Structures are given as C-alpha cells and as structure tokens.
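Here's a structure for you.
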Amino acid sequence: MTELLNSLGYNHWILPVLLGLPLAGAVLVLVRGWLLRPAGATDADVMVQTRQAALWVFILEAVLSLGLWWSVNPGTAGWTARVDWAWIPNWGIRFDIGVDGIATMLILLTTLLMPLAVLGGWTSIREKTAAYYALLMVLTTGMLGVFMALDLVLFYTFWELMLVPMYLIIGVWGGQRRLYASMKFFVYTMVGSLLMLVAIIYLGLLLPGGNGQPMFGYDYILHSVHLNSTQQLWLFAAFALAFMVKVPMWPFHTWLPDAHVEAPTAGSVILAAIMLKMGTFGFIRYALPLFPNAAMNDSVRALFLTLAVIGIVYGALVALVQPDFKKLVAYSSVSHLGFVMLGLFALTTQSVQGALMVNLSHGVSTGALFLMIGMVYERRHTRLIADYGGIAAVTPVFATLLTIVCLSSIGVPGTNGFVGEFLVLIGTYRTQPVFAIIAATAVIFAAAYMLWALQRIIYNPLIKPENKGLTDLNRREIALLIPLIAAIVWMGVYPKPVLEKTQAAASRLVRHVESGGNADSGPPMEIR
Amino acid sequence: MLAESLALSAALFAIGVVGVLTRRNAIIVFMCVELMLNAVNLSFVALSTLYGATGQVFVIFVMTVAAAEAAVGLAIIIAIFRHKQTVNLQNINLLRG
Amino acid sequence: MNNAFLPLFYTFHFYLFGLIALASAVLFVTRKSPVAAAMWLVCTMFALAALYVMLDAQFVGVMQVLVYTGAIMVVFLFVVMLLNLGQPGDISDIRGKWGRLVAGFIGIALVAELMALAKSPLDLRLVVPPVVVPPQTGGVIAGIAAPMFKEYLLAFELTSILLLAAIMGAVVLAKKKDAR
Amino acid sequence: MTFDLLIPSQLLGALTPDIVLMVGAMLLMLLVAWRPESDDHQRSVGRASLIVLALTIAAVLWFAGGGFAAGPGVIAVDKFRWAADIVFLLAAMGTIALGMDHNTRDGVVHAESHVLVLFATSGMMIMAAARDLMILFLGLEMMSIAVYVLAGMNRRSERSAEAALKYFLLGAFATGFLLYGIALVYGATGATNLSVIGQRIMAYQLHHTAMLLVGVGLLLVGFGFKVAAVPFHMWSPDAYEGAPTPITAFMASAVKAAAFAAFFRVWLDAFSAIDFAWFAPIWWLASITMIVGNVVALAQRNIKRMLAYSSIAHSGYLLVAIEAGTKLGAASFLFYLLAYTLATFGAFAVVATLTRNNEKGLDLVDYEGLWTVRPWLAASMAVCMLALMGFPIFGGIGFFAKWYLLQAALSSENNLIPLAVLLVLTSVVSAGYYLNVVRGMFMKPRAEGAPVIAATGPMTRLVLGITIAAILILGVFPAQLARWTRASVPAPPVAAATAAGQTASR
C-alpha cells in the first residue's frame, strides 16, 4: 500500500487536495443551488441535488484521506505529507502544512465523520440547503486546516475560519434558542482566540529571521525561540485560554450545552466529535511544547489537573440531572474531555496516549449519540427523556444500537471508551495518584447517568401513546450508524494499530516537555 | 509688544471657544469661530515682527479661507432656516447627540 | 517697531486698542441679539486692524477692514436681516448650567495655558534667530508679495480653487428646494 | 528624477496628478452648468467624473511607478503620498458611482455633487502631499468646505441640512484649533515646513519650549476633531446619520483617511523628536476612542449611527499605528487605511441601497431577514461586517489589517503591549454589534411591514462587487499589498540638510 501511494506521489498532493476539495464543493453547490439555479427548480429539487453533491464530495474526501493511514510511519515522529508554500513572505507567514500521527488520526476522524454527519441531517434540513451544505464544506476545510497547519498564523486563520460556518449553522438551522446559543458560542471562542493572536504575533516577533522580518513557522518557533519563564507563563496563559474555551474546561464550558442543544444534528455531531478536539489538539501541538516550563510549572500543572478533575466530576453530576437527552450528552462531553486534559497534564507517555485515545473514541461515540438523538428527534420532535420510555418495543434496532453506543460512552471494556480512559487513569496514577483516584470515581457517575437515561428512554414500559407509532430506523440510518459501531468495537477490541500510529508523537511530546524544550527529539527542522 | 499681542490673541481665542461652547444660536456660534480665526491672525501678525512677512501671508490665506467658510456656512444656515424657521441649535434636535 | 520717538504714545495706543478688542469681544459673546453681537464683533475686528497697523502690518490691517469687516461681517448681517433674526428668540440661546460650567472650565484652562505662552517669545528670540528682513524696495506690499508668489505660490493657487469650490457649494445649497 | 520644488515648473510637475484632477473638476463645473438639471445629465456628469478620477489614478500610478523624489519644499513626492492618493481616489470613484444611483432613485437631480466630490478629493490629495502646515491647512479646507456642502446636498431633507450644520460648525471650530496650533508651532520654530520644524527642534533644542508644546497640543485637538477621536467625536454620528448615504460613505472612508494621512505625516516628520510630549496623550486618546467607540456602538439602533461609532472605534485603532510611529507603523497604517476604507465603503454601499429618501430603511430592524429577500446584499454586508471586525478569510483583508497593526504595535520600541491587548479586547466588544447585523440578516425572519427594497442600481452593483471581491481576494493574497505598503513610508526630502534651513523659513 505504501509503495502504491508513493508511486502516486500521494504525500505531495494529499493535504492541499483535502483542503481544496470541500472549498470547490462549496462553490459548486452554491453555484448550482443559488446562482445558476435552473428555472423552475423548486426548493425540494435544490435540496435533493445539493445534498447528493455534498455527500459525494465528502465521500470522495474520506476515500482520499484514507491513504494517510499508511503514510504515517509508526516508528518516527516527524511530519509527513509536508507541503510548504510561500504565502506572505514579507511577514514571515508561510502556507506550511504537514501531519504527524496525532494529527492524522484526527484528520481521519474528521473526514470519516463528515459523510455521516451529512447523512444524519439528510431529511431534516429543508431550508436554504445550498447554503447549509456549502457552509458544512467550508467548515470541513477549516477543521482539517487546524490539524494540518504548521505555521502559527495559518493555524490561527483556520481556527477562526471554522467559527463563522458553525455560527451560521447553529444560528440559522438551529433550535428555539439558536440566536442566543450561536452568539455565546461565537463570543466565547473569539475572546479566547484573540488573545492568542496577540501571543502569536509576540512570539513571531521575538526572534526575527534573516532580514528583520518576523517568523511564524512552527518548527522555527519550537526550536529557535528561547523564552524566559515569565514570557512563557504569559504566552502559555494566552494560548491556554483559547484552548480551554474550546475544550471546554470547567469553568469555560457554559457555551457548550447551549451550542450543542440548539445546533442541528450535523452541527452537534461536528461540534462534539471534531471541534472539541481542537482544544486538546491545541494543547498537544502548541501550548505544551512551545512553553514547556510554564506547562511543567507545579502550580500551573496543579491548576490544570484540578480543573480537569472538576470538569470530569462536574460534567458527570450535571449530566445526571438533565431532563434533555442532548444536554445530557453535552455535559458528558465536558466530563470526557476532562479525561483528555487530565491525561495531557499528567504527562506520561501512557496518559498522553490515553488522552489521544479518549479524544478519538469520544469523537466516535458522541458523534453516534448525537446522530441517534437526531433520528428520534425527527420522529418525535422532542428531546426530553421523560417523553420517551419503552420504545425498545417498537424500535428494536434503534434500541440495540443506542445501547451499544451508550456502553461505549460509559467506557465498558471491549468498547473504545474503555481503552482511552483506562490508559489515562493508569498513566496518571503513576505521577498524580490523587487526581487519578478522584477521576476514577467519576467513571461510576458516567455509568449512572448513561444507564439511567437509557433505561428511561428505551426500557421502561411503553405507556405514552405518541411513542407507539414510532417507526424503527430506516436503511439509510442503519447504514450510517454501522461504520460508527464498527469503529467502536474495533477500537475497543484491537486498539493496537491506533496506539502504534500515535505512540512516537506522544512520547516525543512527553520527552520534549519534560526536558524543558531542550531535548533534541522534535521533528527534524527543515532548513529552508 | 510681541508678548502682549500673543497674550491678547490667546484671550480672544479663549473667548471665541467659550462662545462656541455656550451659545446656541447658529449664527452667533459661527461668529465665535470667526473670532477664533481673528485671534490666530493676530498671533501670525505679531510673529511676523520676529520672522518676517511670511506670517502676514498666512493671514491673507486665513482670510480667504474665512471668506469661503462664511459663504458656505451662511448658505447652510439659510438652508436649515428654510426647514425649521429657526437657527437655534436647541430646536435642531432631530439627530440625537 | 521704529517707535523710539514716541514709545509712550505707541504703548498707550497699543494697550488701548488691545483693551477695546478684548472688551468688545466679551460684549460680543454675551449679547443676546445677533445684530448687536455682530456689531461688537465688527468693533473687535476694527481694533485688531489698528493693532495690525501698529505691528507694522499695514497691508494686513487694510485687508482686515476690507475683507473681514467689509465683506464677511456684512454677509453675516445680511443673513441675519434676511432671516429676520434681529430679535432674540423665545428660547434662550445660551446653554444650560452644566454647558456653561464646562465651557467656562475649558475657557479658563485655555486662557491659563495660553497666557503661559506670553512669556515664552521673550526667551524665544534667543533661541531661533529672527529672520533679518532685507530692506524693502517695493514698499510694504512687496514684503508680502515676495513670499506669497515665490514660496507660497502653490498655497496662493490653492486658495483660488478653494474659493471656486466654496462659491459652487454656496450656490448649490442656497438654491430653492427641489421640487418633488 | 528629483523635483526641485523651488522652481515653479518643477513644482507643477510634481503636482501633475493633482492638477489633472483640479482641471478636470473645473471643466466639469462648466459641463454641469451646460444643460438644465435632469437625471440623464446628472448621470453623464457622474460618468465624466469617473473618467477624470480614472485619469488621475493613472497619473498617480505612473508617478508611483517611477522613481520620483523631491528636494526640500512645500510638498512631498514619496510613495506614502501616492498610496494615500490611491485610497482617496478609489473612495471618490465609489462615492460618485453610488451617488449616481442614489440621485436617480431619490429623484435628486443636481449634478454638482459629483464635482464637489472631485474638489474634495483634490483637497485630500493636497493634504497627503503637504509638507508644509500652511499647504496642509489649505488642502484641509478645500476638502472640508466641499464636504460640508455635500453633507447638506439633499435639499429636501431636514436631516441632511442639520447634518451639514453640525458638521460645519464643529469642523470650523476644529479648524480654529488646528490653525492656532500652526501659529504657535510657527511661533516656536519660525517655520511651517514639516522637515524644517523637525530639524529646528533638534538644532535649537526646543524640546521643552512651552509654545511648541502647546502648539502641538492644539494641533492634536484639531486633528482629533477631524479624525473623530473621542472626546472630539460628537459631531460624527450626527453628521454621518444625516448626510446622504453615499456622502456618508465618502466621509467615513476618504475624508477620514485624508485627515489621518496628514496627521501621520505631520507627527512623523515634524514632531518625532518630542514624542515624550505626545506619547501619553495619544495613548489615552487611542484607548478612550477604542473603548467609547465600541461600547457606544453597541447601543445603536440606527445602522448609520452604528457605523459612525464603529468608524470612531477604528480611529482609535489607527491612532495605535501613529503611536507606534515607526516605519512599520506607517506601513501598517496604510494597509489598515485601505482595508478600513474598503470595508466601510462596502457597508455604506449596502446601506445606500436600502435607504429611501435618507429616512426609511435605516433601522437595524429593517435588516432582519435581508438574506431571504436580497441574499447578495446580505452576504456583502456580512463580509464588510466581518472585515471591520478583523476576521480572517470571511472578513478578508480586515484580519490582516488588524494583524499588521498589532505587529507594528508589538514590535515598537515603546511599550505598546497594553494598547495592543486593549485593541484586541475592544475588537471582541465590536463583535457584539457587527455580529448583531449578521445575526439579524441571516437568522431572523423578515418583518411583516419591512420596507420593500428597490432594485440595486447598476453602478452600485459594480461598486459593491469590486469592493467585496477586493476585500476577499486581498484577504487571501495580501502579500503584494504588504510589499507595496512596506515600500510606501513617508520619505524625507532629498538633500534636506543643506538647503532647507534657509529656504523654508521665510
């Protein structure tokens, strides 16, 4: 496989193509559905055409991206598929993209989830469809760009690029309180990221390159900029704020339940499964390695570990009392992402790998949960747990699949959720036993809220007459859930390949941070 | 006499400023602006005893500008009078602020 | 200032006209009636013209009388008459207490700041060397004409464009309302 | 080549683009009077004005391309001037194009407005060129007087007349301060030429002369009024609201740009030696302007007033560039000026399309659900809002403008980090009102009694299309523009040291 890809020059074109394809798709959809709309075409015609076009674009994207799996060499930690073009030479900004094992996994998660997200909103989006699918595609470019960028300004550009499509998706196609939720989402994210912008510029100016111009290349800043501890603390704070909002860590999480609940199905799926990963990815790629002294500072570390544990427990407890199933899942995300942060700041190879694993499995299982909520919501137009009950009798397939997904979200052994959380707890216990123990108790809460919800939705006796007429999942819905179920089982039973691919990058991160940024373990610096 | 002239000019300028800030009649406000310009002219003339006739040239330019402003300003005042039958700024409050 | 013969006479008149200018300026801003205010402003301008003459700027003094009092203020009075604004209106045209307080404060601050300058030109003479005025051959006006048509030729030409634009603007604005 | 500005013919040569515009404006004055008022006539004068402006742009580009410089004298011949000229001329072209449609739609037939825009623009070009406070003053007045009239151009509208009156009175008041400042600076240094002032401050150690400092203070107040910095901003919301919308666009873009260009040159050329005196005042001016502009904009319900306060806030951002005071500051200043001009212009172009007779269609409520009826206008407005907010990609060039500004602020020797952070935080506040428009347009339904929107005029479409395309394209490929602005910093006169001392003072 590797030879085949090499013979195609896969690594040389794949990343720009992955970024460009959705953009081209967006233009196509807009032109077809809006600009050059054939005379006499009704909204319904446009809907059918655009959603098919969008689906094909995303499937093509997913197929193309699969090759990345083989392009990551398990042994080495450097950038693969690197493309480095000049963008704004005067300002030292380059269009520099590349991936390592960590980014590859997240990119694959994104590209594979996007077709499913489109299928999830297949019939529920009926208005302004052209714009909707165009925005989804632009959003995809933004998300992939964040994972690929190796230039800080480019990273920032993609980071903000995601914001507008998501804002509009929530605000235009969202639920009742969509205006409030979208605004909150936007402002929270923006407050964090603008301070990061100041920090990025400051970093770039610290050690200007050859002719007095700033440099924003990631490798360059990682290896050539030496910061004293005060600078590190301030810059770390600016970066960390942006990422903490996105993760979201307690107490910056309040935008998340609103945004998740109000967003349409595809929006919730993308938000939970992919966009939340940007925050943790930001810590892994930027905040930790760039400012190792600040990150290793005892009080900073204690602060983050505490916040992570608070997030884990708080998210689980609040989820326990939610009457709205979507909100319950949203709060469970706060809890799960707490595990990721715990693993990252515990900073052992095991815990970091666990964190990466939780990242991925949370993407899969929460994505599946939101898709399934969307499916019943379309039938019953309610998300309140109390409105359901006993629907296993009328919708056996749905009930079975929901059970599997819930179990994976709880982290039952044999599902993907277990592997990650277990690794995090084991890894954390070695350096931070107290935090590990507190976090472990939260796993029990997780079982409690999920199982209780599950019971109230599908297993209690079927008494509500409205629920008797529920139809089971149709073929499209089953088809779109099967890959997710497969991933849940595969990652739970045989996680080795995934762990292998990320191991080198994870251990490099740990060595780099522990040595205060001096270990010569980073990716090879390119001399240009 | 230079110092005295500059002091007088400063005083006249300040009177003009206070006038602009306290009066509400558009024409009188405008006349206060003219007083400010006159004060500046006095400074220029006084300074011309120090630096030569260039200061006086400036005065000529300022006068030209004042004349042009007067033409336009009074035309504007006439235009607003047509609408409102008054030139009192108190009554001219369609626009807030 | 070749006033060696009559320093006292000169000084007396300088202060006299200065006081007239100041007093009529104060009277000008305090008058209610626009006509009275305009007349006091004219008085200030005349006093200034006299001061210009005493400061060896005879040409500017003449222009002051011709342009300011003779043209600009006449136009002001013309507009006042045209709009029949001779009488003070029903509504007070002086701002309220707060407005006056703020204005007074700004005014005092300005005066204090600007008065502080009055001292400085005395030191200034020592700092920036005064320009030695070459003996004039063409009378008073030649001294002004030289910079105006050499160094400030561009400024002079610009004033013509400025006046052109102003005339056009004034005509456009003062025309009758457009018919609907 | 190098122009010797003391020779009239060479001075004329150095002013070629300005003369093209002035002569064109005068010829068009004749053309206006040639035929009775009618809509056709108005449009043909407009087209002729566009041609004159295009010729001027050609001349400016030709000069900018050649390696021209100038000796000491009253005007500068440098890239800064040409870059600023391009901004003014583009804004003027947009204004006239918008004005043609606006006049047609509201039935205002006079063609004079186009010519007055030309006169105002030539005043701006003089301001950008001026290296002498007196020339600067005359350029400023040429611009101001024409714009006073333009603000009151709609003779049927009471608001228009009021806007003209307020703008005029405050403008004349500001002129008084500016002029007194010039007089005092002249008194302290014996010169009005910017580079000579700078040299004399150094040569005679005038740093702490009271007269100079007070003069600089008064100049600062005067410029503060002209660029609408808080607390000298109170005229601008009223003037912006009342003026005919194309003129508002002109005021918010070109007029402000011109005032800033002159401000920048004066401060950099003449007063860089006494930065200790103005550093703190401008620091405060910038921060108060950013805070007040952005916070008050949040409370506005009228779109023109909102944009007016937003433009006040942007004055605050531009003051940061002046505060940086470096070559990088100049480059970022020009870059920002262009970005801001494009975005503001685009926004006002949309507003002009939706306005009826300067009165209807100005509330934010009237923009709700715009997407459902006029998707292109809504999308254009959204781009402009995001650009003003400084958002990457969707806001196009707006992001890089802010980015460059921050870069200049952070790399300045003076400690501007707090100012940069404040800039960023106030930008977050600005999201509140910019996004409010976007939210209204895209996420709310069209109200029942919302005004019916007339067809967008052909010229407006063209202007909007070009503006939005420029914002977006430059937002992805800003490299060339960055290079140009970097090269376009104010340059000192050639061989200034030898001759300037004697010539410029008299």
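To keep things simple, chains are lettered A, B, C and D as they appear, and every chain counts its residues starting from 1.
Keep this in mind: contacts are C-beta pairs under 8 Å (C-beta built on N, C-alpha and C of every residue); 3 or more make two chains touch, one makes a residue touch a chain.
Nothing here was measured: the structure is a model prediction, and the numbers come from that model.
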{"item": "Pair of chains joined by more contacts [C-beta pairs], A-D or B-D", "value": "B-D"}
{"item": "Distance from the mean Cα position of subunit D to that of subunit B, given in whole angstrom", "value": "25"}
{"item": "Averaged-CA centre spacing for the pair subunit D and subunit A, given as whole angstrom", "value": "43"}
{"item": "Chain centre separation in whole Å, for subunit B relative to subunit A (CA means)", "value": "65"}
{"item": "Cα-centroid distance, subunit A relative to subunit C, in whole angstrom", "value": "71"}
{"item": "Shared interface positions of subunit B, touching two or more other chains", "value": "6, 13, 16-17, 30, 47, 50-52, 54, 61, 65, 68-69, 72, 75-77, 79, 82"}
{"item": "Shared-contact residues (touching 2 or more other chains) in subunit C", "value": "114, 117, 119, 121, 124, 130-131, 147, 151-152, 155, 159, 162, 165-166, 169-170, 173, 177"}
{"item": "Shared-contact residues (touching 2 or more other chains) in subunit A", "value": "none"}
{"item": "Which chain pairs touch, all of them", "value": "A-D, B-C, B-D, C-D"}
{"item": "Touching residues (chain side subunit B, partner subunit D) in the complex", "value": "6, 13, 16-17, 20, 26, 29-30, 33, 36-37, 39-40, 43-44, 47, 50-52, 54-55, 58, 61-62, 65, 68-69, 72-73, 75-77, 79-80, 82-84, 92, 94-97"}
{"item": "Residues on subunit B engaged by subunit C in the complex (per definition of touch)", "value": "1-8, 10-19, 21-25, 27-28, 30-32, 34-35, 38, 41-42, 45-54, 56-57, 59-61, 63-72, 74-79, 81-82, 86-91"}
{"item": "Touch list for subunit A against partner subunit D, complex", "value": "34, 86-91, 153, 156-157, 160-161, 163-164, 167-168, 171-172, 178-179, 182-183, 186-187, 190-191, 194-195, 197-198, 201-202, 204-205, 214"}
{"item": "Interface residues, subunit D side, partner subunit C - complex", "value": "8, 11, 15, 22, 26, 29, 74-75, 107-110, 112-113, 115-116, 119-120, 122-123, 126, 132, 134-135, 138-139, 141-142, 145-146, 148-149, 152-153, 155-156, 164, 184, 187-190, 200, 204-206, 209-211, 214, 217, 503-506"}
{"item": "Of all residues in subunit C, those that touch subunit B in their complex", "value": "1, 11, 14-15, 18, 21-22, 25-26, 28-29, 34, 37-38, 41, 44-45, 48, 51-52, 54-57, 59-60, 63-64, 67-68, 71-72, 75-76, 79-80, 82-83, 85, 89, 91-95, 99-100, 102-104, 106-108, 110-111, 114-115, 117-119, 121-122, 124-125, 130-131, 133, 143-144, 146-148, 151-152, 155-156, 159, 162-163, 165-167, 169-171, 173-174, 177"}
